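Shared between the two complexes below is chain A, which has chain B as its partner in the first and chain C in the second.
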Partner chain A sequence: MNALLPLAVNFALACFALSMLCALIRLLRGPAAQDRILALDTLYINGMLTILMLGIGLGSALYFDIALLIALFGFVGSTAMAKFLLRGEVIEP
Partner chain B sequence: MTTADVPLWAALPAALLLVCGGLLTLVGSLGLLRLDSFFARIHAPTMGGTLGAGCVLVASMLVSSALAQRLVIHELLITLFVLITAPVTTMMLMRAAIRRSRE
Partner chain C sequence: MELALIIFLPFLGSLGAAFLPPNARNAEAWLAGAAALAATAITVSLYPQVAAEGVLRLNLPWAPALGLDISLRMDGFAWLFALLVTGMGTLVVIYARYYMSPADPVPRFFSFFLVFMGAMLGVVLSGHLIQMVMFWEMTSLSSFMLIAYWHHRGEARRGARMALTVTGAGGLALFGGVLLLGHIAGGYDLDTVLAAAPQVKAHPWYPAVLALIALGALTKSAQFPFHFWLPHAMSAPTPVSAYLHSATMVKAGVFLLARLWPVLAGTDAWFWIIGGAGLCSLVLAGYLAMFQQDMKGVLAYSTISHLGLITLLLGMNSELALVAAVFHIANHATFKASLFMAAGIVDHETGTRDLGRLSGLSRAMPLTAALAVVAAAAMAGVPLLNGFLSKEMFFAETVFLDRPDWQRFGLPLAATLAGVFSVAYSLRLIQRVFFGPPAQDLPHTPHEPTRWMLLPSALLVAACVLVGVVPELVIGPYLRTATGAILGADAPAYSLAVWHGFNTPLLMSFVALGGGALLHGALLARRGATTVPLLESIDGRHLFDVTLTALTTGAERALRRLSSPRLQMQMLLIFAVALGGALLLVKPFGIGWGANAPQPLDPAFALLWLVGGACALAVAWQAKYHRFAAVAFAGGAGLATSLTFVWFSAPDLALTQLTVEVVTTVLILLGLRWLPRRDERIAGPGGATPRLRRSRDILVAGGCGLGLAALAYAVLTRPAVDGIAPFFVQQALPQGGGLNVVNVILVDFRGFDTFGEITVLGIVALTVYALLRRFRPAPESMRLPDQQHEQDGDASPRDSQEAMLPAGAMMLPAVLVRLLLPLALLVSLFFLLRGHNAPGGGFVGGLILATAVILQYLVGGTHWVESRLRIHPLYWIAIGLLLAAAAGIGAAFAGAPFLTSQAWHGTLPVVGELHLSSVLLFDLGVYMLVVGATTLMLVAIAHQSLRSQHHRTATGDTR
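So, the complex of A and B:
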């Protein structure tokens, strides 16, 4: 009926794809290890938003669980790598 | 049920929020790419992580509520989780960068 929402969904999908491209370039080029971890964290959040956008565009509720899992694992991975940079080991005895 | 069936009262603010969220995330990631030092760079993606994700999640709540004909607010889980966990990662990364730049 109204083509407003699919247009906005496509626009936002293009924005998120461009953002993931920027984060990927920073991930490949980053001078130090902390730059790469920051880029990976940004990549995780952008991927989660892309999955949510697919959920809106296709009108399905299944994508919500995938987005929640991606947010969870992104946090765990980024925190583990930051802890490794900070201390030299992830799980301390 | 597809997105073309969403009524106009939900489609209009959802489309506005989606455009705002996409642009904010794009600006944040461009800042991650373009800024000079790491300490300037760590500020940029937080905009996409908080405001961009917030806009998209509110739009998702609107659309799924309008499609299901009742209040669907389980996207609040992701909002809360992202809002709680983003500063933790950023703080640890910042401390690691300070320690590594001092050596």
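So, the complex of A and C:
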């Protein structure tokens, strides 16, 4: 088990990195602005998962808090962008 | 301690005076009068000590590590001046109470008046030269505010600006001179400097020291050729003129000359520079005073002339002349302040100070007239008044001057001529104002002022008479203490008798009196013209204006040549210079890589950086025409940075970076709304010149980036240096009481830094708020965004303010986000509370809460949120700062220095083990300030939409 865990963590990390690469392609190519926002959101989700993996790999609970923060507020940026696209301004009167 | 109290009381009073209501004339006068009177009383009570011990000193350590103390020193001379400043201040406060009109905003007057008094006392009582220069500057600044008190008058503004420019430039020269002097003497302490007199005079820098200090003193005392500012400063309220321009501020120059007399005097250069300036001022200003039409103009020129007399006496390199100078300083203050007060009374009761209109006031105002006549007689040098005595001493000194023949005969002649002028202008002033037929067309009917307004003037006149009749009894001992303090054991013997027998000085006095009366009777009495004969074309103010204009245009021209208003050009220059400088250094020294072997590359991490790098490049690529896409790319790059921090075990950084990312995205999007759209008519990135420019920019940017990367690599491959880091790591728990080193450094070890930073953050937030209140977006950005126009049609956009949830597309997010708010509060408090021992802290916590608040705005809109949830960011900022300061000051109760952390660790009944520390309070301050500052700034931008909506409604434009 102990030998398996680092392997699994590393594998997962590589997978998340690859999926981030995929998200990056969508982010760069678009073509629509909506595509980019979704891609950014995917990047954030993958980032959160990467942090969880790192926490498991290092056996530290501290990383969980950072992941929590992304889970709570990672969507704010995407929401703000979506709002901007939808209404033309982030905070309406 | 009393010494510090003398200076401290006026400043304290000033602070109090500033906060009283604008119409509290009586309260202001009581406060200022009490402060001045208390300072006077302390000064008087110190005399026995000064007389017995010679010098009183007080050293308050201020920055002992730098050898800087607050050093106060009072000897007999300083005592005399301090008494002059405080006593005259008390009288002028009484006078000003009745002079100022109820419509004037008196708090401003009295608070600057007291600041000036404190600063002047600081000049007089400083035992350290640099400290004295600092107070000297403070007198210039406060006098600027006082001269420009009626700032709605252009004349007052111009006069104040001229006074500040001249005396401020002189102050700068004085600072330079003092630095040189202290360097030669081996210290800035007054006693050290006074003891180093022989070295100073023999030093090759002596001429430079003398010239610089003379510049400072002569500008301050309005001496030729810098005298022109004083007549223009007469646009100040009369109490200011009576105090600053007769008794105190202009005397600072001669005070300094007398103070440094033992060190600098005794050379030919001193004689020519100081004596020459004094003689020119004495004669020239006396001449000009005879032709002034304004009562205060006469007094201003006469002040220049009398200060010239004092300066000349100081320049004569004789101990007896110094005694005469000190004596005349006191005498001039009494009669001139009293005359200024009389001029103010006349102005107050008749509405004019014009000598052409005033006439025959002695019938309507007999008391004022009597006082003014006696004071003017003292000014003219009539026997049995104080002016006569010091003028007699001056005449005697000119006669017994130890110089070559032509100077020995020339000086008495010039002195007598000045005496003639003095008698003539005094006579003219009195005769025009108080005698002759009663004036017909005065703005007000003249009558005697209230007795209280006459009292200060009467006291001063009484002093003139008493000193004039029984000088030895009234002022003898004090004068001896004062001159003894300057001259030490060399003080010469002199007699203060009224009658010295028939001798040359007495003859000169009578010639002056007779000549003056003759001149007045023959020429001035009937003269109606308002111009000055002979010296018509010499106008100091014109020269001043020309010089100032030349300086300003020269500076503007140089700025145009040397700088660019374009941001792109400035950025290019900054980075090009940085890159060039670094390359210049790399060329001779090289940039070797360190010996540490790099860690093996993790493929997942490499991929992460590929993503981050691609995002960063994409930002630069798209920033110009696709701002929205660039914001998205920047988000990706930020995420990669945060993940890197996590990967390399810097959770504090990662937390902060993540929260900052989120807030920044919202901030940029908020700003994006107000940027103008791309104008397709402007050509895109085609053509040769833009391409060339972009290639150049890429080269510079790429060079800088690669250079920084190389530097980072070179540092990271070297073995870690044992800097201060191990100290922090080891001492965080024992001394700071926290496990999280980063947080302990921020709130404890370097708490003062953090305190400064949050203060700056608060200031920045307020500035952004203030700037955005007046900001108006470009007209093309004012229209409603296209999306809203299409979706809402012509319907009123927001009519559901009372609804539980916003209608439309935002309803679902609103549910989510409202639920998030309490949760976010919890999370933010969690990060705040645990910050001392685990990643987190006030900054991160504050940003989390601010993000949650901004989210409410985001889904609900400004109206919807602000009708439900009132956030008062200004209160949050203020309370945060106060909490942080309280945590710092609290240490004082434990007898520890500012911001020392105080901890309590114990067990409470129900709660269990508990650790309380003052740093938590400090961090709570940081937390609140960050919440306040962030929401204040973001909401300030959001309110722009509100305003443009109002604008659209007002103009009837639905688009």
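In the analysis below, the second predicted complex is superposed on the first by the 92 of 93 C-alpha atoms of A that agree within 3 Å, B and C clash if a C-alpha of one lies under 4 Å from a C-alpha of the other, contacts with A are read in each partner's own complex, and residues count from 1 in each chain.
Everything that follows uses one rule, which is that a contact is a pair of C-beta atoms (placed from the backbone, for glycine too) under 8 Å apart; a residue touches a chain by one contact, two chains touch by 3 or more.
Since the structure is predicted, the reported quantities are computational estimates derived from the model, not experimental observations.
S.K.: Under the stated touch criterion, which partner chain does A:Gly59 make contact with: chain B (first), chain C (second), both, or neither?
M.R.: Once the two structures are laid over each other on A, A:Gly59 reaches chain B alone.
S.K.: Once chain A of both complexes is superposed, is A:Thr42 in touch with chain B (first), chain C (second), both, or neither?
M.R.: first
S.K.: Considering only touches as defined above, state whether A:Lys83 meets chain B (first), chain C (second), both or neither.
M.R.: A:Lys83 contacts both chain B and chain C.
S.K.: Looking at A:Ala32, would you say it contacts chain B, chain C, both, or neither? Reply first, second, both or neither.
M.R.: first
S.K.: Can A:Leu18 be said to touch chain B (first), chain C (second), both, or neither?
M.R.: A:Leu18 sits against chain B and chain C alike.
S.K.: Which residues form the common part of the chain A surface touched by chain B and by chain C?
M.R.: Common to the two interfaces on chain A: residues 13-14, 16, 18, 20, 23, 33, 37, 39, 58, 68, 72, 79, 83, 85-86.
S.K.: Would you mind writing out the residues of chain A in touch with chain B in their complex?
M.R.: The touching residues are 1-9, 11-16, 18-20, 22-23, 25-26, 32-35, 37-39, 41-42, 45-46, 48-49, 52-53, 55-59, 61, 64, 67-68, 71-72, 75, 78-79, 82-83, 85-86.
S.K.: Give every residue of chain A touching chain C within the complex, in rising order.
M.R.: 10, 13-14, 16-18, 20-21, 23-24, 27-28, 30, 33, 36-37, 39-40, 43-44, 47, 50-51, 54, 58, 62-63, 65-66, 68-70, 72-74, 76-77, 79-81, 83-93
S.K.: Could you pull out which chain B residues touch chain A in their complex?
M.R.: 1-6, 8, 11-12, 14-16, 18-19, 21-23, 25-26, 28-30, 32-33, 38, 41-42, 45, 48-49, 52-53, 56-57, 59-60, 63-64, 67, 74-75, 77-78, 81-82, 85, 88-89, 92-93, 95-97, 99-100
S.K.: Where on chain C is chain A touching in the complex?
M.R.: 602-605, 607-608, 610-611, 614-615, 618, 628-629, 631-633, 635-636, 639, 642-643, 646-647, 649, 651, 654-655, 658-659, 661-662, 665-666, 669-670, 672-673, 784-788, 791, 797-798, 809-810, 813, 820, 823-824, 827, 831, 838-840, 848, 851, 854-855, 857-859, 861-863, 942, 945-946, 949
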